[in-house]
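Quick heads-up: structures coming right below.
First subunit A sits with subunit B, and in the next complex the same chain sits with subunit C.
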Partner chain A sequence: MRSRWLAVSSVLLCAALAARAETRPHYGGTLRVETQASIGTLPTPDAAGGSNALAGQIANLIYDPGRGDGKGPFRVAQFVPGKKLTLTANDEYPGGRPHLDAIEIQMARPVREQMLDLQLERADVVDLPPEMIRRATQQGVRLAQSQPVELIAIVFANDDPKLREALALSVDRAAIFNVLLGRQGEPTAALLPNWMTGYGFVFDAGQDIQRARQLRAESRRTQPLTLTYDPQDALARAIAERVALDARGAGLAITPTTSIASPDARLVRVLLPTHDPQAALAAVAAALGASAPKNDDVPEEWYAAERRLRDDLHVVPILHVPVAYGLGARVKGWAASKSGAWALDDVWLEQRP
Partner chain B sequence: MSFRRRLLLLVTLVLFLAVGGVSAVVWSIVRRSFERAERERTAALVAQFQKEFERRGSEVAERVAGIATSESVNRMALEFSRAPDYSLYVNEAQPAAATHQLDFLEFVTADGTIISSAQWPARFGYKEAATAEAGRAPFLKREELPSGWALGVFSVQEVKVGDQPLFVVGGTRIDDEFLKTLVLPAGMRTKLVRMGPAHLEPISEPQQRAQVPPAQVKEAELLLRVLRERKPVTDVIEPSSDPAEGETVHAIPLTGADGDVLGVLFVANSRRAYVDLERHIGSAALVAAGLGILLAIVVSGWAAGRVTRPVEQVAEAAREVAAGHWDTQVAVTSHDDIGELAENFNRMTRELVGQRDRALQAERVAAWRELARRLAHELKNPLFPLQITIENLTRARQQSPEQFDEVFRESTTTLLAELSNLKEIIGRFSDFSKMPQPHFQPVDVNELVRRGLKIFEAQFRAAGHPQIEARMEADETLPRIAADPELLHRALSNLILNAMDAMPSGGMLTLRTRQDESNAILEVSDSGSGLTAEECERLFTPYYTSKQHGTGLGLAIVQSVVTDHKGRIAVESAPGKGTTFRIELPKSSEYRVGISE
Partner chain C sequence: MRAVPQMSALNSRRRASSLLVFLLLLAGAAAGADWSQPARQLARKISAKTGPGAVAITFKDASSLSAADASEARRAIEQALRGAGLKFVPAEQSVATVRVTFSENAQGYLWVAEIRQGAGDEAVAMIAVPHLGSGTTARPAAAVVIRKQMLWLQAEPILDVAVLDPGSSSAHLLVLSPEKVTLYRQSGGRWETAQEMPLEHRRPWPRDVRGRLVPRKDHLFDAFLPGVMCVASGKGPFTLTCRESDEPWPLTVADQPPQFAFYGAQRNFFNGAIRPGFGETRTTAPFYSAAGLPRPNYTLWLFAGVDGAMRVTDGVNERVIAPRGWGSDVAAVLSGCGGPQALVTGAGDAGTPDSVVALDVVEREPTVVSDPLEFSGPLTAMWSAPSGDSALAVSKNLKTGNYEAYALTLACSQ
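So, the complex of A and B:
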């Protein structure tokens, strides 16, 4: 009886040890990251928390102002501006050497090719645009997804409050959210997402064509509006065309375009690099060329500041969308982040024969 | 208007009407032929359009059916029956449309919601009403695009895989590229106008009309007519003042499945060939008319030669008769009415000559009688004293020879006086018979009148003679005229003497010169007792006199002088109101030519 118990215990111990060996982090290996974005120069320490997402991610890897000499867990080994960046592990990092030996970042890589590389295991981490999250999920792709931290909005060059309000009321944000984004993110009329502030729902994001027509009729403008978007951004193009279609129902003529120097309006995407509402609002202001609002600890003041900023900058918020990455099967230890920042300290690569 | 001219006009008119009538008929036939040919060409083109439309429609139906039966669409339909997530299929239409070469493709749910649109990807969630046409023949449909409106031939297929049907709505464009596939005859062009839901407004504002070319305005009006009448209409549109640049435009409405006019097919036929032919016909008609007029002149000339020449000869002969040549005769060249007219004319002139001769003879006899009467009267007066004197001489010789010498002396004195009187009478008659022909030279009538007055001035104021006051009212602008000054002076003297005789108790003598357009006028007025109307009528008859001792030759001489000057003399008088003689002498340049001659 005792021998049987020992035998069973031995088997269980062996099985437990075997299981621990599979999940235990390994040192070594190169993480292959592909991204659609690119940088021309190496980022400075203050790029962390800025509106340039890639620069902020890299700054977080190579700088750590709060520890030791201020250097981060990785060092720059090779940099080809706009194309490739290679980082190696910093053995002297006060927080401990990362598990990864190196990180290779391929920049300016088209999304379609990134997905192919991920499927062919030629890449470990790839960008996953929000409109592709739903399909990628269905295809079984591993995802790392943030909270909705990217604002998609229309910014008018000159303010015509009635015209701006007419456009805001004419856009069917729900259709864009449901169809174009596959229910990823959230429709919004606020600059900051609801999960961040808690009062985002106060800004009405509903569609009211009748009111939009009435406001359009009261506006003095008679010429069509031009709306520009990033020609490389498929989602921006789809949203711009949908906005133009919806606006037509309210009697607003909008011409989406990518090639005009002084448009009447721009479709912009602003990354909120932090989940702190005041910092996020300051980032939005900076991204849209305005000064940061005064800091205040009272949520009511945040709300007032956000409303003022929205009106001052002539912004019509459309959506907040998440940041997502596709992860390869050998990537282990990827920690979920609200803001979508890369957390590679604990990431390790599964060793495969 | 002469017969010749009338005949010319008549023939010309007939020829002109004939040419005009033929031209009009040819014009009408040509126009009808062109219109018929144009209708046939247009009908052929429309048939070609419909055939091509049907062919395209069949192709579209096949392609849409191919998509509807494809595995991917069936899977999509099956997915919708389970747990519909339309977002996964929002981009499905574009690759399917590209694969099947369709310009338009939409996947639509049973309630008409667009899931995916190839032509306008942003239209997901909007409604599409064409699903009601599922399974029917291809149809024309208006499709809204970001850039505006397009027309297309569409087909709708229903996919019945799951619980809820899925509709595939596909089509290809009907546009200018489609029209290029049509084979157009020379001079014909086509144009397709797509109609949006809000039809064109008529171009009615004057300013708006001024800014738009007239041809465009006409085209817009044609378009409105088609939309209003919903049937083909035709009109001529001329973009410039040159009719050859005009086109006969047929506007044919293209209707959709619900009967709405979705587009208008313009079929324009150039009018150049028709206008060119029309111009050729016009030119030919003008040439024919010109030749016709020439022919009319020739024909009318020939006809006039045949018909009007004898008439003209008679007319010329009549003018000759009127001019005094009463013995004029015309040649009788035919035995018709014209010949009879000529014979009658000749008979008439012969009669006239006979009557004139007889009248002259009678007049001559009357003149001789009058002369004899006057001579008898004039000679009887001196002869009676001669006879008495001679009888006194004879009686004195027989009865008192002692007184004979005394009687003889007295008698011879009387005899000589009476003989002198006889001689004077004979001299007057002799003078009248010897009136000379005038010798014309430039004469100042005013000067002539002044000279005449001066001659008689002494007689007007002679002692023991009634006083006559003479005055002259001269028109100093009176030009010189061609006249014989001596004869004119003689006539003026006779009139002055006549006036003096008419004022035995004295009075006012007025000599007045003036002029009218063609004559110099000389008037001699007295304030005498005047004449009766009967006396006025007979005043210029030779040997007629109202005076006791007149010969009746004075005014006859005046009339003779005035007549020789191609002038005219008239008298105005009434009892108790004096008498005015008015002499009109021509001052025409034609007559002046005679001066130099």
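So, the complex of A and C:
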């Protein structure tokens, strides 16, 4: 009896292992990356952790200020500004030669074409906007997804606290999360995501139309609010329109637009380049034009600093969304990154017969 | 406890000694979770805001705490609050409501108390609570049970760990990291650093750097690294002399007939050349790891190939099994439950947890004889222990980022 059980167990376990066969990394091959973003000049070392995500990613590959001569795991072999960057492995990298021989980065590539190239195995790594994650999952695309590391928020130019709170209470974040994002990311009323701080839930992200109406009535503003968003950003447009719809329910008129010089509010997306709460809060402040708040290394201080910054900058947080990539089947060793940063020096390519 | 300079006298006992006593010692030192201190801290903060009196309190667990730990933490907080003069009543009879959430962030647990008194503003108190270690035994279900016991953890990668003179009061631990070998000695039930020996190497290590520690009788140990061999001196304070070398790495353990294999200096695998070889065989396909299982008149070898296949050979016949179906690390454990068995890693990308199963290989046919032993991250190294009675596995904990070294032993299922 026991031997039969073991035989069955063996078959099942062997099958399970075979289904996800893996080995130590192989050396060699060229990784083909496609991205919507582009850079016109090669980044400087301080671009790492900066506001330009692609420049930061590339800076991490070609510089390493903490080691030796400051050169990173890859060297620049060819650069066509705004279009293509080719990197080759640095054999002398003090952290160890990368497994890949080279990386080719195609820039300014529309998302639709990236997905097509991934399916046709012409690309190994492509961008996957958060609103496309659910559909890509249903289509069986292999995903690499960060924690929610991008803040989507509305920033008011001039503060009317009652109007701002009325808007914050009128927004149905759960609907945006469910419908527009396909349940990717998390609704929030905090600047920093809960996974990073542990206290994000204390900022109430619930909808309260009755209270919003009351606050709207107490505000002296009579004209509609203008809300701008990036015209190239389909998700930003959808969110702006949904915010305007929700606000109408609280008696608040909002006009989403892409063409106004001095809007009353703007929809912004801020990528958090680190998962250290203090550094991330400083990054939010910098992105919104404020100086970094001072606080001690104590969660209660982070919380107080975040609350002050949110109010001082007149920010209404809406969502935190993840950074995601579609990966080809031959890509191995892609380290899960909380921040969504590439870790291409550790990636390797499966050899196929 | 003996001083390190006298350790050369211990070497003769190393190979034959068992890890068992040593592991029991470690297990005894492991402490259960005690939430009383953080509970008192949070209670102090809460009571400072509410003062003594009647409060309504609720708890929510939004963390990775187990149900038992969450329950214990709740009990500890309630006890601490009672000690501070608070009593618990239904919400309609209370002067304040307290909502405690066991939350978590990138650094550890965060216990948050939201306190509301009357119609006033909400106050928030919080404390950070570090993650504690967790238990480590496999589910006993199959014929063989793999047990793991943590030997060491550190932020820096661990390439190999060797326990010297386990079970004695003068046990020492050697930890091989990419840039140094650290010798630890026991002091008051804890390991403390006895000496750090830097590894000198001219060229950068290849990525996925691997290395082996081999305790010796006439000197403390040899360390094998890609293209480099280091020899420790025989008496302390120890010196470590490293040189560029293509010296083959030892594959055999305990009293097995010696076999050595050549390791690629710029890569992460053995190139397939074996010395002295077995039978007429001097080479096999390039491989990541090998395990020799003693048989009455020969040794049966398992090679985890670079091509993803596992090869089983007795020196005359070679059989390829489960091509691409195994992980890349295999190790031999010579005792435990009915004879020598092999441990083989499961699979998984660098970002997924790995597992290990035990194999019996009868007539060159491998059979899984244990449940998988799960780890909290990918396995970055697995080697047979020099004594042959255990294997060393290193896992990178995906949650903490630390490298955790475990001794894996086998036992029969009860």
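Quick notes on this one:
Going forward, the second predicted complex is superposed on the first by the 328 of 353 C-alpha atoms of A that agree within 3 Å, B and C clash if a C-alpha of one lies under 4 Å from a C-alpha of the other, contacts with A are read in each partner's own complex, and residues count from 1 in each chain.
FYI, a contact is a pair of C-beta atoms (placed from the backbone, for glycine too) under 8 Å apart; a residue touches a chain by one contact, two chains touch by 3 or more.
Since this is a predicted model, take the numbers as computed values, not measurements.
Applying the stated contact rule after C-alpha superposition, one finds that A:P110 touches neither subunit B nor subunit C.
In the overlay built on the shared chain, the residue A:G28 is in contact with neither subunit B nor subunit C.
In the overlay built on the shared chain, the residue A:N178 is in contact with subunit B alone; subunit C does not reach it.
When the two complexes are overlaid on their common chain A, residue A:P98 makes contact with subunit C while staying clear of subunit B. Once the two complexes are laid over each other on the shared chain, residue contacts for A:L245 go to subunit B alone; subunit C is not touched. Of the two partner chains, neither subunit B nor subunit C is touched by A:P224.
Of the two partners subunit B and subunit C, more subunit A residues are in touch with C. Look at A:Q138: by the touch rule set out above, it reaches subunit B but stays clear of subunit C. The contact sets of subunit A with subunit B and with subunit C never meet. The touching residues of subunit B, when paired with subunit A in their complex, are 85-88, 90, 120-126, 146. Interface residues of subunit C facing subunit A in the complex, by the touch rule stated above, are 62, 101, 103-106, 109-110, 112, 114, 124-128, 142-143, 204-209, 266-269, 288, 304, 306-308, 322, 324-329, 346-351, 357, 367-369, 371-372, 398. Remark: subunit A residues 134-135, 138, 172, 175, 178-183, 238, 241-242, 244-245, 256 touch subunit B in the complex.
In the complex of the two chains, the subunit A residues touching subunit C come out as 2, 6-7, 9-10, 13-14, 16-18, 20-27, 92-99, 194-199, 201-202, 275-277, 298-300, 303, 332-336, 338, 345-346, 351.
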